[in-house]
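By written order: A, B, C, D, E and F. Residues from 1 in each chain.
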Amino acid sequence: MKKVRTFLVIFNIFLLVMLLFGFVSTALAADPTGAETLKENAEAPVDYVWVLVSGFLVFFMQAGFAMVETGFCRAKNATNLLSKNLIDFVVASLVLFAVGYGFLKGKDVAGFIGTGNWFLHGDSYDVGVYLDFFWQLVFCGTAATIVSGAVAERLKFPAYLIYTFFVSLLIYPIYAHWVWGGGWLSKLPFGLGHLDFAGSGVVHTIGGMVGLAGAMVLGPRFGKYGRDGKPRPIIGHNMALAALGTFILWFGWFGFNPGSTFSAHHLRIAVVAVTTNLAAAAGALTALITVYLKTRKWDLGMALNGTLGGLVAITAPAAWVEAWAAVVIGIIAGLIVVAGVYFLESRGIDDPVGAVSVHGFNGIWGLLSVGLFADGTYGVYSIEKPFVTGLFYGGGLGQLVAQLIGVVVVVVWAFGLGYILFKVMDLVFGIRVSPEEELTGLDIPEHGTPAYPEFQRQRTTLINAS
Amino acid sequence: MKKVRTFLVIFNIFLLVMLLFGFVSTALAADPTGAETLKENAEAPVDYVWVLVSGFLVFFMQAGFAMVETGFCRAKNATNLLSKNLIDFVVASLVLFAVGYGFLKGKDVAGFIGTGNWFLHGDSYDVGVYLDFFWQLVFCGTAATIVSGAVAERLKFPAYLIYTFFVSLLIYPIYAHWVWGGGWLSKLPFGLGHLDFAGSGVVHTIGGMVGLAGAMVLGPRFGKYGRDGKPRPIIGHNMALAALGTFILWFGWFGFNPGSTFSAHHLRIAVVAVTTNLAAAAGALTALITVYLKTRKWDLGMALNGTLGGLVAITAPAAWVEAWAAVVIGIIAGLIVVAGVYFLESRGIDDPVGAVSVHGFNGIWGLLSVGLFADGTYGVYSIEKPFVTGLFYGGGLGQLVAQLIGVVVVVVWAFGLGYILFKVMDLVFGIRVSPEEELTGLDIPEHGTPAYPEFQRQRTTLINAS
Amino acid sequence: MKKVRTFLVIFNIFLLVMLLFGFVSTALAADPTGAETLKENAEAPVDYVWVLVSGFLVFFMQAGFAMVETGFCRAKNATNLLSKNLIDFVVASLVLFAVGYGFLKGKDVAGFIGTGNWFLHGDSYDVGVYLDFFWQLVFCGTAATIVSGAVAERLKFPAYLIYTFFVSLLIYPIYAHWVWGGGWLSKLPFGLGHLDFAGSGVVHTIGGMVGLAGAMVLGPRFGKYGRDGKPRPIIGHNMALAALGTFILWFGWFGFNPGSTFSAHHLRIAVVAVTTNLAAAAGALTALITVYLKTRKWDLGMALNGTLGGLVAITAPAAWVEAWAAVVIGIIAGLIVVAGVYFLESRGIDDPVGAVSVHGFNGIWGLLSVGLFADGTYGVYSIEKPFVTGLFYGGGLGQLVAQLIGVVVVVVWAFGLGYILFKVMDLVFGIRVSPEEELTGLDIPEHGTPAYPEFQRQRTTLINAS
Amino acid sequence: MFKLEIIVREERLEEVIEALGEIGYPGISITSIEGRGQQKGVQEQFRGRAYIIPFLPKRKIEVLISEKDLEKVKEAVIKAARTGEPGDGKIFITPVVDVIRIRTGETGENAI
Amino acid sequence: MFKLEIIVREERLEEVIEALGEIGYPGISITSIEGRGQQKGVQEQFRGRAYIIPFLPKRKIEVLISEKDLEKVKEAVIKAARTGEPGDGKIFITPVVDVIRIRTGETGENAI
Amino acid sequence: MFKLEIIVREERLEEVIEALGEIGYPGISITSIEGRGQQKGVQEQFRGRAYIIPFLPKRKIEVLISEKDLEKVKEAVIKAARTGEPGDGKIFITPVVDVIRIRTGETGENAI
């Protein structure tokens, strides 16, 4: 309780600072009206439209995550999951606006961090900066929201609030600076530097690895492992929500990937849309068939995970590969998802919705695939040379090495900081709800509000039945 | 029954007139093909794309309203709420097409009403007019649908049909004419005239105030107040739908506000997207924290209302303020929502989903905030001077006065006509379902169709338990 | 089981071929980067944005179909319906990419079939081709998914997999080639050839007629007809999903129709958006009122069907008619839906969600309406003459004849091949689940996963009660 | 000791619970059931076609009472549940051999 | 008077209800239960992992009958509910002290 | 023969079922009920306003047993269900006249 109050005090100071800060200067070196920018570049409107509409689609992925995670968990935690999926984007919006965006896209300091753009005020009050901020924000929000799935059904709500604060203040913006803000990873002397077109690494591996850290600090949910130590399924309560959420995510991904050219003048966006879609389809079918071969059931849940795995994997290479390569990338992504889910379960790590396999593992695969399949038809967010070329297209090992380095860095950074963050919180105030609250479900103890007061009805399952 | 038949007869005559009318003239003074318009303005395509895509997003808000309202009410009224949310847009489409759009955007008569454009026929058969009509329609549909939340769970379906007829025939188009159609409010001799960028007043205050009128004529739902007169919560049946709906609305608002430049050549759209988003986030967090401080619960329902409140408030000022101001506007919006909900409840007014607080009260706050925070960087739907400037930026009281006048007018107009409309209907045929129907829920008596025949299960709550 | 394995083997060979094929050539005669295309047409970006964003909206219709069909069926088959709605788009993506798109848009052979573009490789690796492929794909996916509604609650999942394979390999691409790929129907010597602006016939009649064939081969669901032979309603489990799905479809249709200009430079897109919307509204209101007059209930389910019927009907004429004509087309569509549902039921054909009436019958009506209402203001995907003119606008019978021929062809082609496909599968391995599985619901026997393990509760209905 | 199974209308449940509480029986169990007596079912409709639901949702209250309170309880319940229309419900009185309070192990009258 | 608790398969519910109606007992109460006898449970699967649901959904019909009709009712129910496979269900016969029709206050045989 | 109606906490259901299985009574029926004894209800909140749910979800196990096993069953159930806090539940013991296994027509002890 006390910690929460402390948090609130900090939040208010933060707002106050923001306010004071806000009034200080009105001298505008930038172009808030947009008239200058338009004069300089008469072609800008179509790019603005493209980036904004794509950004709106990415925003909508928040709804997708909320539905998938809620559908894959139990009804008694639905309000909690919905609340977390709302609040992470809310906190990311405010924190990135105030400070995080400065770390991400401010003036580069030693390749490590950016500085400036605070509160989007003063010189930052410019249509171009606002456009870029909006784009960075919807991506940061996506990274933040991935974690809620991995820590679902047991993490305290205030701990989640604090986590979202730090992920959007530090973990995400600094790493994103390294790759997208002109930081050191983008300048690696291999290939064209570490490349991550739309964020397999920056967004998904970050989210997946922080989620893994969270799941490990928390331990498995009550009932996830039987007295014999064997994993037991804990059954999602609503497949309609899970499927709807997956469709929404797939839809949103058409903003996520094609929009990442940040320019409609790269007609390559058509290729990106196609590769994105094919990887999703290949991931879905592969996961469906793999589980069918194992269990003789057409497993919808895993097919949905496979779809998302394909989407995550294609996110890094989407602009640099052609259609057939996207299919191959998607097939492998489908296999990774299935294997990842079984692997984590067998290691005692409880990831209720498969977030680590979908986003963490496939984020890594996506980064690597750039070094393999890039076919030399698109540059670094540019339709001019140099073009990105991977191993299979005679580009040698350079790009692959750059990708490998990025993989190591993102895993260490995200898992490391994530682990420290959750561990410190756990030591300070305990991040897991009490066993009674976990049994009742988090909805009533933490939020007071059952998600479905008129529907709920338990079905008897015996955890220790064979 | 008889009244319904009368209504049907009128409806058919209306269709017939439309048909006859349709065949009369084929002389085309306008440009239905779009070839002329394109020749005159080679830059038009990107504006058309921008306005249409934004309009599609606004349309999609219908789904958002349907889900929020249905989720916040009881399962036994779900079919009814879904039906109302479908039919209001349907009726608005047909009525606005036939006549309402003429009142809104036809040739101005004395600053009070427009005339012409009937049935989008003859001279109105023009790509530019059709574009504008589409845009006006999705806004009118939004205003209409807001009311269904405030009158939920007790208003007869035929009464709702008639209400939607009049709101889209008269209440909305005439007021919108005053502000957006070149009417008298837009020409007030204060500031730059009354300004309402995307419709905090035109859409949301109208909807909220008509809703308030409806709720007052109807009286509270059975069980809303205990024998002791104290308010009792009536619990929404599906938080997943409510959250999904809020995300859809937030998504749609990115069409609502940025699209309201009606031009992609105003790169200011990037600023509008950012301010819209920040106000939503600030509203959500403020409502969440406020209720937490009061009840020690993280209240999802109120956080969703807070999100929407922030969005409503930023709708009028979105293009005229910078990021930090949007945060402040959102924070105040969050407080207004919470206070509004408690206030109405304490006054015996039963607004099942919080529509009046979210749309009515925050619509007013949004209008006023233009007069305070407008910072002189954007004009009246123009990137050329004169720019709109509020009190805090040295613009003096002029704009604030224009806003205040608009507030008074919209409240009197919408509440007044709304009250008369519901009261007259109530006297003529009674707008409230019978007590038995209210107890059973409206779904079966009015529609025949239970929304969830396989899920429903009552949980025993005692209204008069302490 | 064995058949499934055969299918998997084929699928793997298919992937292998694809892979090998993929590596063969890297000589690029085409423009994968998009730089050339941009140089040739500096105006291309806005068209690419328009087509892609519209395509994304069409993709999102998959979610709409999934929700409508699931909501209109019983909870015990929800996982199955969701799985089918996922997998049809997945299979369509992969099959159209590999071969189907070649049949559709490859070099025309005798007006019957296309050839080339295999695997989008070699010369097809071009931004323009990829854009077109993406557009064709989302349409093919829509046609495929319509069928799942008509065969719901009894078709085996593997049979559905095979069906989707053939529909996206042959049935859809070849017919689409005839109309949109430069095939013989588009060159009929009547009017301007057979015209189908956005696919009332190509997409919806195909889907509806294959669905009809499937429903007839399968026979009605257990319990659909009482011992007395009279039809009994089988009640959908979730009206909220059905309504949400309808809103999503309506939203997606704004991509489907306006996007079908394939150019933002046709400002006529504004007209298309308006006609699309008005037909939907007219269809909804007509269906609602018609059923009200018959049963004195405001029937939400039929109103939703009416909305979709209006949308299907306007799909062929959307660009060629004006607003009032769209209203008339929508009204008739609403009547057709209602009559179609009762008619099929009375003939012993069990179409659980009304897919045949909505898509099949109204697809036909849409095609015919072009020959009646086209008003000579838009050409064949062109703002230049010749313009399309129907009977009521002095165009004579030519266009109507061309439309009639198309109707006959599409019905024979789709129903014929569909019937053969389902019949052959039925003879080979039986396409209907066992009676026990049908009683239990398909979710657990086929997929293992109940959709709502915590909600389900049977309500007792007596099939043979009066 | 008797067990009363009291079947009531959904909308009268609250009154009956309060009546039981007032005469000393707050401890009860409630089950959701469907039932049919002389009251007729409900007509519903889906996508244009009507059908009858022959059973109506009812609530069953189970309460354990002392033999001495039987008359008092019967009266209170009837008063609270009666509307006079078909569908008011029934009370079944069944014998109970013994009752045990699990928390304490008490049995018989003490455990009610 | 006896109360019969008849536990049946979901798919036989309708037949049993009709059988009861035909021999003069249309008035019944139905509860959704889960049960286990000698019939085994169902295997399900979620995201690739299988599990067993040991209990199956069953329906319980409760009906109050006159002692004289006991044999007739038993026979009718068995005929309507039996498939011969495990899971057919059970009939429990319990004594009832009295029954009251709330609407009229009638008791005993008249209130059945 | 007795019918035991065992009302337990949701979180103890599994233990009680296992205990019954171990002493030879795997065959049971389970119903979801709401109940109130001396345990107090739960406070919830919706859109800023709190309310009390006076009844808690409980599970009722019904099991038919031989008279000779009564003590054994009682003990096993109490051991498995007891936490010592209010809300542990109750056991009602009611007489059963007869039981029939529908599949075979067996009656009496053989049909349990």
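Just so it is clear, contacts are C-beta pairs under 8 Å (C-beta built on N, C-alpha and C of every residue); 3 or more make two chains touch, one makes a residue touch a chain.
All values reported here derive from a predicted model rather than from experimental measurement.
Undergrad: Which other chains touch chain D while also touching chain F?
TA: Joint contacts, listed by label: B, E.
Undergrad: Along the shortest chain of touching chains, how many steps lie between chain D and chain E?
TA: Between chain D and chain E, the shortest chain-hopping route counts 1.
Undergrad: Between chain C and chain E, what is the gap in Å from one C-alpha centre to the other?
TA: Distance between chain centres: 46 Å.
Undergrad: Quick one: report the Å distance separating chain A from chain C, using the average Cα coordinate of each chain.
TA: Here chain A and chain C have centroids separated by 33 Å.
Undergrad: Suppose each chain is reduced to the average of its Cα coordinates; what separation in Å results between chain C and chain F?
TA: Those two chain centres are 53 Å apart.
Undergrad: Quick check: what residues of chain E touch more than one other chain, meaning two or more?
TA: If we look for residues of chain E contacting two or more partner chains, we find 30-32, 34, 44-46, 50, 55, 94-95.
Undergrad: For chain B, give me the residues that contact two or more of the other chains.
TA: Correct list: 46, 49, 53, 235, 238, 244, 295, 297, 299, 301, 447-450, 452-453, 455-460, 462.
Undergrad: All pairs of touching chains?
TA: A-B, A-C, A-E, A-F, B-C, B-D, B-F, C-D, C-E, D-E, D-F, E-F
Undergrad: Hey, which residues of chain E end up touching chain F in the complex?
TA: Spelled out, the residues of chain E in touch with chain F are 2, 7-8, 31-38, 55, 58, 60, 74, 77-78, 81-95.
Undergrad: Inside the complex, what are the residues of chain F that reach chain B?
TA: Going by the criterion above, the answer is residues 34, 41, 44-55.
Undergrad: Where on chain C does chain E make contact in their complex?
TA: Spelled out, the residues of chain C in touch with chain E are 439, 444, 447-450, 457-458, 460, 462-464.
Undergrad: In the complex of these two chains, what residues of chain A are touching chain C?
TA: So the residues of chain A in touch with chain C come to 43, 46-47, 49-50, 53, 57, 74-75, 235, 237-240, 243-244, 246-248, 250-251, 254-255, 258, 264-271, 273-274, 277-278, 280-282, 284-285, 288-289, 292-293, 295-301, 303-304, 307, 322-325, 327-328, 331, 375, 377-378, 383-384, 387, 392-393, 452, 455-459.
Undergrad: In the complex of these two chains, what residues of chain E are touching chain C?
TA: These residues of chain E touch chain C: 10-11, 13-14, 17-18, 30, 32, 42-46, 50, 57, 59.
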